[in-house]
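I've put the structures underneath this note.
One chain, chain A, appears in both complexes that follow, with chain B as partner in the first and chain C in the second.
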Partner chain A sequence: MYRNDRVIPFFTLVFAAALFLMSYLDGRHITALSGGKPQPLSVGQIGLISLGLVFLVYGIIGYISVWLEGRELRPGVHKARPGKAQWVGMALSVLAVALSGLFVQAIVHSLRTQENHPGAEGIIFGSISLTVAGLLMVYKHYYQDDEVHVESEDSEVPW
Partner chain B sequence: MTEPGSSSSDRVVRIEVFLDDRPEAVQIVTAPPFRFQLDTTGLDEGAHSLRVVRIDASGGRRERRIPFHVEHASDVEVRGLEPGATVSGSVEVDVVVPPPPAASLPKPKGPPTWLYLLMTVLILGGIWVFFMVVPIYSNLVPAPSEGGSTASAPSTPAPPVDAALLKAGEQLYTSDCAACHKPSGEGMPPTFPALAGNSFLSDATATVKRIYEGSGAMPSHPSYSAKMLAEVATYIRNTWGNAYGGVSVADAAAAEPSASNTGAAPASGSAPAASSTGSSGASAGSAAGSSSETTPSGSTSSTSAATPSSSAGSTASGASAQPSTTAPAAAAAPSGGIDKATMDAGEQLYEAQCTSCHQANGAGLPPTFPALAGNAALSDATAVVQRIFDGKGIMPAHKTLNVQQLADVATYVRNSWGNAFGPVTAEQAAQAAPKAAQ
Partner chain C sequence: MFSWLDERLALSRMYKKFFRKMFPVHHSFFLGEITIFSFLTLVLTGVFLSINFEPSIRMVQVGTKQLPAAYASVQFIDSLPFGMVIRSMHHWAASVFIAAAFLHMIRILLTGAYKKPREINWIIGLLLLSFAVMAAFTGYSLPFDAFSATATKVGYEIAASIPVLGTWLGQLFFGGTFPTEHSIPRLTAIHMIWLPLIIGALIGAHVLIMFLQKHTQPKYAEKVAPGKILGVPFWPQQALIMGVLFAVFVGVLAMVAGLFNANPIEHFGPPGPATPTVKPDWYFLWLYGFLKMIPSSWHFTVFGVYVGPEFIGVLIPSLLILFGFAFPLLQPSKTKLRYLELPSEHPVRTATVIGVLAFFIASTIAAYNAELSLSTGFLWFLVLLGPVVVAVLAYLLLRAIYPRREGASGD
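Moving on to the complex of A and B:
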């Protein structure tokens, strides 16, 4: 059976953490060379962070796959069992609506006062995106049936 | 089953379920919702009946019989071949089997938890150790700005830093030290150690001695005066996050008694250095008439005292009043067709700006700094001048040299240590480096 392993996602996240750590230490080194003054991100740091983000997203996707599909795919029809997931869905929906309202308020505030707070606005919008992603995950996991087919080795998938 | 009635007498209080003609009920439900599970796995295949008896609160009984058919093979769904279908040739049939109970299947096993933890510690710890062990990063812990770890630094406050010495030291460092130790102080470990965060610098005496006497690949600087030593030491001890305090001229003289004192340095021929440090306004050397502002060289020799005009001219990159060292060269004895004054001027420049890497004997420090002695690449005069002026790779550019100085250095390196590639004229240098000052 097809293994939906957690080994690769785990080490992907570890590598992401390693790259972030390298970027952090590199930044400390640059700061030390400049007499303790914080410096803008160097090209090397940006490269490390970018690669780290790639690994981070890849690892998170891997863990989401394990949660949605299980560690091992078994052929057959898998009925979704909502259980009490509706409460989680309701909470996430309310959170998404609240964050959206907060985001709109932040935009209106910026337009009125001409004071931009890109950091806060970015955090709010990112939170909205993550909340919506969580809702999709909950829907997929608790409300959508799955069916796993067994394909022969010479299937149409080229790998 | 749901409760259709609304009156209290019709209220359903009990549901009894009978299978086939069995006398005992297989299910009894006394409260809504009246739902039950019918397990058919124990029934034979074929026709069966379900009898549901409803008992009201008033004791009334009503029943309903539901016939049904059991076929155990029905848990296998066949797709692609319908019952009674007419087929021919090859037919693709999908058989969909419901998954077995999860408990009956073994759970997939992954690596043990301790292996996850061990690998995480090894990877992240390895990176941390790498940044601590590699010399360039070893100063991160403790932070270099916190001072050195030697006994002399932490207990006593750092000596005050003379801004004039610091500024002059930067010029000297740029000209004499940056080629190896880099302008950023990172050096090129392991041959040329980093100065940024280097705790060795916390010892002012050892720092001055190391500059003056050299060690290993680090060349000596015997032409440095005490003031120049103080300038360089002050600069490298208080830059790139270092905060080891200043070094006074008196401290430098005490640390290296053999170095000439402040007043003697320019008089002994270190006019270029005096001019470079003269920007601080403190050097008596500026009174020697050298108005150079750009050439920070401090390494002169006693020969320059013998030919003061040539020395002044060769280092007066910024002064156009005496742009040429060849002017007095007519009085100098030619040596193998090459003016002695040109060779002397070139030697002075070479000692000041080139020996730290290419060494005084032209042997260099291969492979980083190639040897000049016997180097066939020097046969191309134009390339030599361009390389000196523009630099390449770690070879720094020397944009402050004028065409005559370029010609002097090029002539010197092309005709020393056994080299005999002939002189380079100022005109040739001007053609090779058109951006150089005349």
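Moving on to the complex of A and C:
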């Protein structure tokens, strides 16, 4: 808690995994009670998954934050070093375009056949979004200079 | 172009005032941003849903079946390409909104960030959480399937049980005794217009006050830049990391929404003569569990007004919210809190928060008593004494792991 370290993000990921596991076991229990017939998510499962989602996203962004912003800020401008990041950027851009094409295909297929495949649609759309996140991360880490400022507490921002 | 706009709108000054606001770097601040992004996702997906939703319970012909129009329009949304994913994302985002807001407030409690000068923002946060729950409840009823109609009826009965005001509240929020022909249009207006406006305004005020008062600083900033604000500017640095967070959030949410439909109305069917067995949404389970422990014969009369067990369902959250409002004012301070307090250095507060969490968990367990078959006496022990035991144990553990330091307050 003292600095921007990986301790809490690690435990939130563990916690997220535990909540998802509890939800899965709850689902299995409910299915067994109903004679093996698959049942919709119970309110308890929805709660466990929702809390798990917050912990999961928190854990992921916590790790990303440590990677992109460091454990502690140091005042000044820290120059970015691109290295060979352009290749990673290009690969991610191609992936984003390919996934977008696949998503359009899925929508057109759905329109033609009048059949929806929400699982596939959600995974493709989610993958596009995660690829965009990857691109932004690459840009921030390799191309954006870090500015860290120190200012007075009683500055006139915003009034 | 920019200079033309700048001359008229003073954009440069706005950039310096707002876009160069310093943001601290610490992962614990992302809980607030996850909450805001949940709301943003709710608005974006809600716009699509509102275009296709028909807020009415008039019967319409769909194939060979007569169905309520609201139910049929949700079926139509699910039939659109990507429609089911968008509806499911809306449902999941609503749950995540409440979960993230709750965890954000727990973080504020654990780090003392509710103290002077941030008391007003703490109160706004509590209001936000309350309105988020109301928005989720009103949205829950809209598809008008057998499950949501039954659950909304329970909510109506709780609202109607409030002495003196109950009937009036039923008229205002449910258009009369639920379900009437006015119920769904009324709940739709509240869900789609009034609550988003209120929540949006409260988020705006919350953020603006935070800009004015500045964020609390992570503890390490005390060593790096004592007495100053240490951070990265909103534009471009913080905006970029927020962009990463939003993309990760939407990515994960879309995958979960696609794989797990949180509200499969086809499974429940439209409301019929058979009443399905329902439990309230997960964020009400603790309250439901508590109510389940109170004998149904319990009631009394005050000044001729009947007070029944359902009223406890309104009374307990109201008292908790009132206590929450007063909480920062119970700890007056002459100095402004600048740095996040470490939970380990405030074992009493930390242990109390853990005890409160244990109360919510124990009450939620009580909601499953039909499946667990525990005795009422044991449940009362679990709900009332269990949290106290957990809090004492947490305090002793914290004291053992983090011995008291010289000058530490220990609250």
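Following the convention adopted for this analysis, the second predicted complex is superposed on the first by the 147 of 159 C-alpha atoms of A that agree within 3 Å, B and C clash if a C-alpha of one lies under 4 Å from a C-alpha of the other, contacts with A are read in each partner's own complex, and residues count from 1 in each chain.
Criterion: contacts are C-beta pairs under 8 Å (C-beta built on N, C-alpha and C of every residue); 3 or more make two chains touch, one makes a residue touch a chain.
None of the values given here were measured: they were computed from a predicted structure.
Within the superposed three-chain model, A:Met22 lies in touch with chain B and out of touch with chain C [touch as defined at top].
In the superposition on chain A, no contact is made by A:Leu102 with either chain B or chain C.
When the shared chain is aligned, chain B comes close enough to touch A:Phe10, but chain C does not.
Using the contact criterion defined above for the overlaid structures, shared-chain residue A:Ala91 touches neither chain B nor chain C, since it reaches no partner.
Contact comparison for chain A: of chain B and chain C, C touches the greater number of residues.
When the two structures are aligned on the shared chain, A:Ile60 is found in touch with chain C, with no touch to chain B.
Contact with chain B, but none with chain C, is seen for A:Val77 once the two complexes are overlaid on the shared chain. Common to the chain B-facing and chain C-facing surfaces of chain A are residues 3, 72, 74-75, 147, 149. In the complex of the two chains, the chain A residues touching chain B come out as 3, 5-7, 10-11, 14-15, 17-18, 21-22, 25, 28-29, 31-36, 71-72, 74-78, 147, 149. Interface of chain A with chain C (complex): residues 1-4, 8-9, 40-44, 46-51, 53-54, 56-58, 60-62, 64-66, 68-70, 72-75, 106-107, 110-111, 114, 116, 118-123, 125-130, 132-133, 136-137, 139-140, 144, 146-153, 155-159. Here chain C touches chain A in the complex through residues 16-18, 20-22, 24-28, 30-31, 34, 78-85, 88, 92, 95-96, 98-100, 103, 111, 208, 211-212, 214, 218-221, 224-225, 227-233, 236-237, 240-241, 243-245, 247-262, 264, 267-268, 279-283, 285, 338, 340, 342-344, 368, going by the rule given at the top. Contacts from chain B toward chain A in the complex involve residues 94, 96-99, 105, 107-108, 110-111, 116, 119-120, 123-124, 127-128, 131, 136-137, 139-140, 143-145, 184-186, 196-197, 239-241.
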